[in-house]
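One structure follows; several queries about it will come next.
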Amino acid sequence: MDNGDNSDTDRHGDDRDPSGEAAAAGPARPVLEAPDIKRVLTRIAHEIVERAKGADDVVLLGIPTRGVFLARRLAAKLDEITGRTVPVGSLDITMYRDDLRMKPARALARTEIPADGVDGRLVVLVDDVLFSGRTIRAALDALGDIGRPRAVQLAVLVDRGHRELPIRADYVGKNLPTSLRETVKVRLTEEDGRDGVLLGARRTDPSGDR
Amino acid sequence: MSRTLIRGAQILGGAPRDVLIDGETIASVGGSTSTGSRPDDAGAQVIDADGLILLPGLVDLHTHLREPGREDSETVLTGTRAAARGGFTAVHAMANTFPVADTAGVVEQVWRLGRESGYCDVQPVGAVTVGLAGRQLAELGAMHESAAAVRVFSDDGKCVDDAVIMRRALEYVKAFDGVIAQHAQEPRLTEGAQMNEGIVSAELGLGGWPAVAEESVISRDVLLAAHVGSRVHICHLSTAGSVEIVRWAKSKGWRVTAEVTPHHLLLTDELVRTYDPVYKVNPPLRTEADVLALREALADGTIDCVATDHAPHPHEDKDCEWGAAAMGMVGLETALSVVQHTMVDTGLLDWSQVADRMSARPAAIGRLAGHGRPVSAGEPANLTLVDPAYRGEVDPAGFVSRSRNTPYAGRELPGRVTHTFLRGSATVVDGKLT
Amino acid sequence: MKRHLISAADLTRDDAVLILDTAEEMARVADRPIKKLPTLRGRTVVNLFYEDSTRTRISFEAAAKRLSADVINFSAKGSSVSKGESLKDTALTLEAMGADAVVIRHPDSGAPHRLATSGWIGGSVLNAGDGTHEHPTQALLDAFTMRRRFTGSGGGSGSPGGGTGRDLSGRHITIVGDILHSRVARSNVHLLSTLGAEVTLVAPPTLVPVGVGSWPCEVTYDLDSVLAKSDAVMMLRVQRERMKDAFFPTEREYARRYGLDGERMSRMPAHALVMHPGPMNRGMEITAEVADSPRCTAVEQVTNGVSIRMAALYLLLGGSEPAVSPRPDTPRTEENDR
């Protein structure tokens, strides 16, 4: 799978659903439609400007795959709002995962740090779904090997709960209370051809063990 | 005197007949099989040979018994037991022992050990040159005059590459009708050789053993034999080109004979892709085209006989990387099965021809009395019974040889030796050693 | 390729591209303040070297250490190995020590294959050069170097990762020198052709193996005839000892017929690379002028070697099973489809 589903869902093995197609195991119900996503990203952009007092030193780092597209969309909004170009990049966390040995070796995604780096900046990590928090833990480790930001914040499109680590998001598109038997699928035009967030039922075998 | 009646055996694959063994000889070969016993069968042990083929005891021109010197891999006793189980009643023990069988003393020792074993006659082969070093002729005459009465001489494992030494050896043994069995391998062309040189060696990066290194020596030696009017025998011939040379030499009426091993009739260098040293042998496994040419040559008589080149090695010499592994395969216990598989079941040879290629011809080349004789009254009772309908996987754990380095482990092969008789006494009964 | 990296011939195009893409990411780690990843923490990599090859050994060592693996260097020189300990017993020792991977350099062709298939060890085996057989990571780093140069992603800046996902289709690669004894040539012929390149071997006929006809490449004895169409010319080290075995008459004649000098280099296309796996015999297969020219990638190849070996170690050890060539019954995941 790609790290688009490093959204914390994928700590549950086959719960992750890279293609999105197999979500059809249960009828998936849309919880955010394309206009909703556009709206919450605009809101988050404004919140960032608000809280970062103009966003002068903000660097957006998306977590591949879908977090990168969200980060780029956010950056475009920020450019619009601030009239400046906000640096945006990507941060692959694969090699920092704590569950590497539980699954086959994964292909790496691109880490792309903006030219001026992250030292002394306000880094906003961007991901699609916040779940156990383990992805963000890995992202913080990865970030630490790259530089020393002034502060790190987290923006997510969906927070579905069930945290396993003391991690919270600074900017949340939608809080979505879920059961562990449910799946959250984020689809973005850049990757999936259309925008939307779907809530579905996971397949009957919850172990997902290979 | 013990008497044994073999009832209903197909002699050389022919119609069922009864054969009575009395003491060391075949007393009678009866007309047809019958359940009623004839008066002279009284008291004889009866073997029901229904469906079995009766052959003269097999003769191997090329066996490494390893004793003296490498008793960790084989001894005369274990090797002759393996031979008996494979249907052999006589084997020629190669000279590359430690010390080398290049004196009357060593060949007599081996000969005596063979007599004591009682499983199979052991005819020692004498070295051509002292220490197999290729420089100085060994005392060929003394070895011939010894109790072992050596008639076959070979530096096998090494080639007699010096043309003058080869010529002298060929000439010298004429005095007592000896024969030089040449391990044809041009040494300079095979330095660092690990396998057949060709497509597979190019890919695997293993040092190549080119066919021409064999063929060039055979070419020289058949010309030398013709020039001095001597007998030359080509050991383990392995290439299609060698077949052509021997065929041409025979067409000239020159006194050339040749042998092929069972493994060269079946296996190809493709197996080396596994890098499993069980396939490492000298001469190396060749190509499919070579295998087919060898089968054809054995069928048409260009190649005179099958010889096992039984080469036992201890486990550690094969349980290692290819480059460090010893060359050679055991073969006594699987030879007949491989020949049935490659030659009989393919229609290339019938059983009477198998008897010729595995008994009569090798005995004749070695001038070995009492072996390779017809199955008829008055002949020595050196006999082998084979069940050609048997099918089974080769299980090295069941070998009686001290070594297990067979390339056929797990492979299904046809045929099984059920009984072997050496001068009338059974060495193998129902597939088991007595 | 399953658990092991034994031969470039075992790699599919997708395997090879995945390794190159992964190496592309690994290369970026070298530009960071902290050149280390936690990925293989707690894993043990043994460098088992039966031949002196400091260059290859330290490259693997650096790669393993950058991934936080524990590295044990086991040199056959001066150890029990030189006292006749068999490969098997050494392997059993390494297994008992809990080696997750064994990087082996051995003078016998097939020794890594044997190590991987004999059941002596349970870990992954990486071939760091066996006899005159293969040296797959060398071929991978060569291909990586070419892809970076051809797509302009090398040299630090340029369009980052421009080559990701790409192979070497349509490229003409010429390999010159002692093909017969070269594991680098064997691995490169397999890998480069798998990646879509057209490979031409150039050597005196004595240094071309019998059986080369089955290889996926062209063979010529005339270097000058192929220079103009080459996107890269890879010069192999030619050992002077070969002269004694009459593979060629003199060093001078070899250099004249098969060496790369400035004049020959000038007849290559402007973009074409000169490659050398090292160590170079200056004055033999390559002149100093060519070796020191900006077209020569020899030093870059060394740098890239670490990235490639990181990629190989990661893909073999970084998960519960290797990422390369999943078993046919394993559903393909996006990792492999990317």
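Letters are used for the chains, namely A, B and C, taken in the order the chains are written, and counting of residues starts over at 1 for each.
In this text, contacts are C-beta pairs under 8 Å (C-beta built on N, C-alpha and C of every residue); 3 or more make two chains touch, one makes a residue touch a chain.
The chain lineup, named per UniProt: A = Bifunctional protein PyrR; B = Dihydroorotase; C = Aspartate carbamoyltransferase.
On a predicted model such as this, the values are computed, not experimentally measured, just so you know.
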item: Distance-to-centre winner among chains (Cα means, whole assembly as reference); value: C
item: Of all other chains, the one whose Cα centre sits farthest from chain C; value: B
item: Geometric centre distance via CA averages, chain C-chain A (Bifunctional protein PyrR), whole Å; value: 37
item: Between chain B (Dihydroorotase) and chain C, centroid-to-centroid distance (C-alpha), Å; value: 46
item: Inter-chain centre distance, chain A (Bifunctional protein PyrR) versus chain B (Dihydroorotase) - centres from mean C-alpha coordinates, in Å; value: 74
item: Contacts with 2+ other chains: residues of chain A (Bifunctional protein PyrR); value: none
item: Chain A (Bifunctional protein PyrR)-touching residues of chain C, taken from the complex the two chains share; value: 18, 21-22, 25-26, 28, 32-34, 36-39, 67, 160-161, 164, 314-323, 326, 330, 333-336, 338
item: Chain C to chain B (Dihydroorotase) touching residues, read off their complex; value: 9, 86-88, 106-111, 113-115, 117-118, 130-134, 183, 186, 209-215
item: Chain A (Bifunctional protein PyrR) residues touching chain C - in the complex, by the definition given at the top; value: 1-2, 18-19, 92, 95-96, 100-112, 141, 144-147, 210
item: Complex contact set, residues of chain B (Dihydroorotase) against chain C; value: 194, 197-208, 210, 274-276, 316, 319-324
